[in-house]
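Have a look at the structure that comes next, please.
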Amino acid sequence: MATRQLRYREALREAMIEEMERDPNVFLMGEEVGHYQGAYKVSEGMLEKFGEKRVVDTPIAESGFAGVGVGAAMVGLRPIIEFMTWNFSAVAFDQILNNAAKVRQMSGGQFSCPIVFRGPNASARQVGSQHSHAMEHFYATVPGLKVVAPAFPKDAKGLMKAAIRDDNPVLVMESETLYSVKGDVPDDLSDVVIGKAQIARPGKDVTLIAYSRATHIALDAATELEKVGISAEVVDLRSLRPLDEDTICDSVRRTHRAVVVHEGWPYGGVGAEIVDRIQRLAFDSLEAPVLRVTTLDVGMPYNAKLEQLCMPQKERVVAAVTKVVSRGRA
Amino acid sequence: MAEETLDAGNKAPLTRPSSELTHLADLYRQMFLIRRLEEEAARAYSTGKIGGFLHLYIGQEAVGVGAIAALKKDDYVITTYRDHGIAIAKGMSSRALMAELYGKVTGCSKGLGGSMHMFDKDHHMLGGYGIVGGHIPLAAGVAFASKYRNDGRVTLCFFGEGAVSIGGFHEGLSLAALWKLPIVFICENNEYSMGTPLSRSMSVEDVSMKALGYGVDRDRFFCEDVLEVERRIGEAVLRARETSMPTLVEVRTYRFRGHSMSDPAKYRTQAELDEHKRRDPVHRARTDLVTRGFVEARVAELEASVEAEVVDALKFAEESAEPEAALLAQTTYDGPFAS
Amino acid sequence: MAKILDMPKLSPTMEEGVLAIWHKKEGDVVGVDDLLAEVETDKATMEFRSFDKGALLKILVAPGATVKLGQPVAVIGEPGEDVSALLASIAGAAPAADPPPAKEAAKEGTTAAPVSEEAPKTLAPPPAQPAQAAQAAVPQRPRAPKDALAFLTRTEQLEDDMPVTPVNGAKALASPFVRSRARELGVDLGNIAGTGKHGRVLPEDLAQTRAITVSNAQSGAVGPTQALARATHTLAEPKLVPLSPMRRTIAKRLVQSKQTVPHFYLQIDVRAEALVTLRESINAELAREKPKGDAAPKKISVNDLLVKAVATALVRVPECNAQFSDEGLLYHQRVDISVAVAVPDGLVTPVVRDADKKSVVHIAEEVRDLAARARQKKLKPEEMSDGTFSISNLGMFGIDQFSAVINPPEGAILAVGQVRDEPVVEDGVVKPGKRLALTLSCDHRVIDGAVGASFLAELRALIEHPMRVLTG
């Protein structure tokens, strides 16, 4: 099987192109996806390839085109709806929460909603409070939705393809700061499925649980920790709902300690959910309480230094790990 | 034939084809059925057999029945939470409707949707929605799919005048106009958005004017005659089907009941209500039917069949089983539950 | 006056760019907003337009070069202006990176993002703003939050590791993991001296139970990571068999016994010829009796005789039929002998009630029934509890002699070995004989050495003159 080096954005693009070539019901819709070639160039070249019918530029009307996507999906199309950033999905929240997620149950299973919502999520670089929110926490709480957040190009491609083929609404949380990251992308992506985490780095002393950009932070922290003799295992969730609690808890049962790392805020959210799984399913394996390294509990400031302070950082992960591995030791 | 001989006082042509009378009889039957089903639903609600919200269509039946009469079988319909009449007009069975109200597994949505969420995939009834205006972009999406596939279908999207103030209406109408989608937006203006009269919720009295800003055709009329509704909506449907252009149609109507069962409707006078009841389009249709030669005995027979259908629906709903909890997982996701 | 043009920031996440093509050449006149060059950023090919009016005096970077943000790429100024001093001032600055290999540039195409072999470092903190580049003192790393910010990082704080206030007796400080392991091992954490903070029991402290092997024998102060290593890296990889309820009970009760009961042991070796002879004659007698139906003929074992002998000895030395309690010493009014029976996944101790009052044959029948049902796990709990004294016999396994752990709350247990053929000296003559080793384990809190010894003396007399066993 061949393997190529692709950037994250290229991997996403390839996934969409392959699926659109495979299935004429798949189309891409969003702001600036066509003639502008994508705000972040994810859809670059796709208009030329598929035409205006299947690469549809929209006005600035997230609620409108998100709803158009849901309606089209209900009657058999398979839309990919791009939000220029997930921050803008806030004005389309009703469409995702009340229509996409619920139409299947409200109709007693008569209608399904095979739709993909995608776009960059969480912080970019100094784009200020209203463009830096990590929205996955809101969506992962909704039954009826699936939420994935790949960290590597391989998973970006595999999960995007899986999302398009899924008969449920799937929300793909990308990251502006990952779009340029390169990585190996094999032709065979059969091991990339929605709902399965991966061990991004094996270790023995502590489990770091992360996803999307935070996986890279966790990996950096693990490298740092190795220098002081602490072997950290990094679980890259890939999928936030469904959540692969087996991989999380199996790891914690081996390491007896866990630190969750994610962008987004500490109150509630995916990290709190992970902590719940660990305390419920691996309680007897714990040597220390589970800590969370998240965005600090304030709105994201513009100032570069304060922004970095607020975002989860390798140093804070290392400090948290040091606390849990030395917990209760004289 | 007797029914073709018309009363001399009627302004209508002296003769009508029997097919048109039969058609009117059919529309009257639908309206009468909706009215009777809802009256019985209200009764069941008062005894606790139906829970939650129950928004009745009583008084507005001619809008849904007339509009849907202008459609082909494969065309799509989507509406608000005031959806019982629309669902019946689109072909849903009385049994499926009543059982859904009762929360039974034999209901159209297996008892999981309730009064506000009447879905019937086989009849292309895309459901009732509980968030005001939230379904209007969906309707545009359904029409988008028709255009995408070039399947020749038209989508009818019903909503109240209260929805015209919310973003979903504007974004849906805007996109439908921009992309020239085969859709008819039908604003059922029943004068009150819940308890707020139009005069206190909108800066203009003419809702159809909202079409101007989007450059789409508009129409506006009082709903008195179901056949007139069918004809006027029919024009818009034809426009959608043949030129793939949307239309905004404002149909002036009136609901005889409160916003929902818990609404005493104190914001309007009895005199106002009585005035509207005198112009009840269901009675109007019955009168027209008899006047135009459909003998009383046949009307009575038709009404008796409706009563029998309502009794059957109630019995069916009463006797049906409630949904099992196992249904919840499989109706939340297609495939294994994603926790 | 001439000025240096730096690589501009053309996207929010840009940290470097590839100067794709110059649209002005040296000497060209440049107006505000004129296109100077195209730059490939991490996002797209962007236009680099002039903010100044003047002439392009010097191009510092060749097309294809990767340039960090804020690095000089050109000089602009009045036509003909001397820029040598300005150029000298930047001579010491880091030169632009080399152009990328041509083939890769071709592969990426003109609109592709930069092709630097290093993956773009988008995960690193932002670069210094161009204006700040010279101010090396500006810290780029976030500082650790001060106390004033501690509330913002509370999900990264541990609860204080406080000593546990004893409630209803000593309570050990230990993690869920350690507590779980201790339960599996049947260890009472209250009996372990924890080496952690405030006496916390650490995983390695459980090693004394032998379930965890400690390979790192290094003593003295160890850092957290070394301590951790001892805890987590030294587990062998044995096959894990989950604890059965019986195994849990055995572990719990025997640990409790060995750790809370002060054992001492008394051993005797008795002559057993008479005992064996008696058994044979009784069995010969029983074999002549016609069994009822198809039942097997009755038989007695040496152990059955010993049960009866022990019961009789206990009647004679009642101080040995006793147990310790916090309220005082309990002297039993009954003689209920617990008989250890091996079963497939452990052992149980069914009780022969009032053994002193039952005949040997009766005892034999009862023991056989109890043992059979024990192996089928059909004993009721009350048939295995409230014995007053235990006998454990490993003779059938070829054991000569051993010491048993007291079966709490009983006060003593007799360990019985096999009957051994040994030369004995009788009246100065060596002749074949039989001997039997008996070891009495006593709870010193209730049975002292002298009491145990007198019991064993009675027992020896009974065994060596076994007719007394039959006659009581």
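As written, the chains take the letters A, B and C, and residue 1 is the first residue of each chain.
Keep this in mind: a contact is a pair of C-beta atoms (placed from the backbone, for glycine too) under 8 Å apart; a residue touches a chain by one contact, two chains touch by 3 or more.
Since the structure is predicted, the reported quantities are computational estimates derived from the model, not experimental observations.
Shown here, the protein chains touch in a chain-like sequence that does not close on itself. Set against the C-alpha centre of chain C, every other chain centre is closer than that of B. Comparing each chain's Cα centroid with the centroid of every protein Cα atom identifies chain A as the most central. Chain B and chain C have Cα centroids separated by 67 Å.
Separating the CA-averaged centres of chain A and chain C is a span of 35 Å. Measuring from the averaged C-alpha position of chain A to that of chain B gives a distance of 41 Å. Residues of chain A in contact with at least two other chains: none. Those residues of chain A lying in contact with chain B across their complex are 27, 53, 58-59, 61, 63-77, 79, 91, 94-95, 98-99, 103-112, 114, 143-144, 146, 166-168, 194-195, 241-243. Residues 7, 37, 40-41, 44, 124-127, 176-182, 204-205, 213, 216-217, 220, 228-230, 255-256, 266, 271, 283-289, 291-294, 296-298, 304-305, 308-309, 313, 315-316, 319-320, 322-330 of chain A are the ones touching chain C in the complex.
Listed in rising order, the residues of chain C touching chain A in the complex are 12-13, 42-44, 111, 113-114, 119-120, 122-123, 125-126, 129, 139-145, 149, 151-159, 161, 173, 175-180, 195-198, 200, 202-203, 224-229, 231-233. Listing the residues of chain B that touch chain A in their complex gives 76, 78, 107-113, 117, 119-121, 126-127, 129-131, 134-146, 148-149, 167-168, 170-172, 174-175, 178, 327-328, 330-339.
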